[in-house]
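Going in written order, the chains are labelled A, B and C, and every chain counts its residues from 1.
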């Protein structure tokens, strides 16, 4: 590793790093700043000649309880989906990391995280086919079960939760698996030599040591779920009005960009608070 | 096998079913003759030929692939350069620069996408394919940098020193020693970049012009209008492509494996 | 004439002074060991000669050329690294031929010279292998062949044997010495292993805190250390406390000086030794048998002393442990206090 002292090194460093960070500035950091600015505007600059600076968009959030209710609904959705992902995903990561060995583990791990990298929109769409009334799920269940049931999950909150869990489950499995895999098997052997039961090993050793990974996964699920709009739209129907869909509407249907910007920024603030709260534990994960 | 281990394996299988069943159902339905997903199943490739004849879908597909290729090329080149610099040099503010890679990944795409829309609109880039490419590259960059840096971190710097001690100049060292070593990381990073762009819906949705949209945006609009089995067919193709790309990326990048 | 010369070189890393006004000359064809504890600057000195660091002040000459501002790749050196640093993406022959290819000698000559170098290290048959398919000792030899194939002006070795296990290491020491003689290349070698330094080198330099403490032939440094650090770092020293000096024949005036003996210069006995020998009384703490040799730990006037002798040369010792330690007066080491 070289320390940058010479002017030549500094030039080289700038040439190598400059494009990447210029790009991120142009496409992420400046836009976020621009949106912050926009959120204080009374009107779209292009549309109205008499636009000015105002706090109105933020007071609108406070005055109209619908927005707060929807934000709360989105946060609850985030908690629900995150909890399901943890309860389903952590045992799966545990099995992968500590019970299955060799090439089988590698192959299974790849299979688990592969869907995550495929198109999320298409995967949500595939649930629409499965969940609709008289769809594949209902027919399969009626075929297996001795009695007939009517099951139409489409356009319900349950459908939204199922779709989101399906979308984000691999995140929790991935981060938990990586954390669990990093735990030396010798530690487990040592605990066993001291007479620890499987449950004790899980509670006292594996869970605490992999907690940063698990939490990282939880954050990675929670944050995008709170801001989701496409999944509720497709699977939730009329039930699918969430905070994210309201923001979407401001930009593509109502064209009230300043309000949309303010709503986005409130969401961003919530997200940052959550990331900030989680960061002490997450930082521990990296060391 | 202990009962717990058996239970664990059953759990794993159930999860795999949960993850793959809807995708497989969708794929199966794309070959079902009935447009209303009627069972019993009757094989037909009708929806695929319909899809191939649907000009809107074909143009959107070509546009998506071209955008993904452009994004891959730019993000890989720019990202690899940044990784090399972050790996090679110690300087003030390096930790900050590394931390700045996370907002594009961690902030919900809804926020990033709308922010891009607002900003690009203000500075005159507006909506359309250039805006989509700029946005996708920004989203793909962190993935490329993280992947290439991970590969670099296993690189032994004394290899470069050895090459220099034998008389190799900076260019030769880069071409003959450093690049061959990080090549798998670069390939994996490129595949990630392709996947990020090709699968990207949210940001494309806000940045593409109506009638000039990428495939996922077209699908979204079609679903909301009431979907047709052609969408099934193209969705099946998309998922096959992106899974194949990611399968290759995983092979190259080694993540999670103890090979 | 010396092949490599370092003159008044100072090198700082931030606030730490890694090399402090170092001057040292390396003779043509010689085998020179740089020895010192970790942090003494020995590796920095080697890497400064190689060109990985540029000195803050002072000059470095290799052959006829002043090179202190010349980058590594233009210095015409050969270097072996601690972990071998073989290129994993190239075959053994390609590794060895790398420096020749960079010099554009032409592919026929590259192949011929790479093969010759591999034969010199007795690996002529393994040119097509990948480094990962070789044993530790074989990688070592490839690294050596690769370092000398370009006929560099100087061969620099950075603890090249530290990754090998003990037996293999001794074999490689002999091999390294043979090849170095055969090629006749000036060699500078960094190690923290004093035995290795004594075995291999014609001259050694002891470093401490970025300064050369003493440089010279191993025997001279061992027998006439310039200070207490050199005496204690190269070999072991039993220090005579001031109170124990009475009645001894000393080679110099005791004021401002300290005296010591080497463990192998001592003889142990139950009875007082013959006149003419220096002797001190001590209390035997432990006798350790190690095959041919034995070590005795003896407390002398509150100081721990160590004696090393052939086990058969150590007589029967009394049960109460009261012993005499004797040595010839000319074997007394003298250093400034």
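Just so we're on the same page, a contact is a pair of C-beta atoms (placed from the backbone, for glycine too) under 8 Å apart; a residue touches a chain by one contact, two chains touch by 3 or more.
These numbers were taken from a predicted model, which means no experiment stands behind them.
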Chain occupying the middle, per Cα centroid: B
Chain whose mean Cα position lies farthest from chain C: A
Whole-Å separation of chain centres (CA-atom averages), chain A against chain B: 16
Chain B-chain C separation of Cα centroids, rounded to whole Å: 55
Rounded Å distance, chain A centre to chain C centre (Cα mean): 59
List of chain C residues in touch with chain B within their complex: 50-52, 71-74, 76-79, 81-83, 85-89, 98-99, 102-103, 146-147, 150, 156
Residues on chain B engaged by chain A in the complex (per definition of touch): 4-5, 8-9, 11-12, 15-16, 18-23, 25-26, 29, 37, 39, 78-79, 81-82, 84-86, 88-91, 97, 100-101, 103-104, 106-112, 114-120, 122, 134-135, 137-138, 141, 145, 157, 195, 198-199, 201-202, 205-206, 216, 219-220, 223-224, 227, 231-232, 235, 238-239, 242-243, 245-247, 249-250, 255-259
Chain A residues touching chain B - in the complex, by the definition given at the top: 1-4, 9, 12-13, 15-17, 19-21, 23-24, 26-32, 34-35, 38, 45, 88-89, 91-92, 94-96, 99-100, 106, 108-115, 117-123, 125-130, 132, 135-136, 139, 166, 169-170, 173-174, 177-178, 181, 198, 220, 223-224, 226-230, 233-234, 244, 247-248, 251-252, 257, 260-261, 264, 267-268, 271, 275
Chain C-touching residues of chain B, taken from the complex the two chains share: 156, 158-159, 161-169, 172, 176-177, 180-181
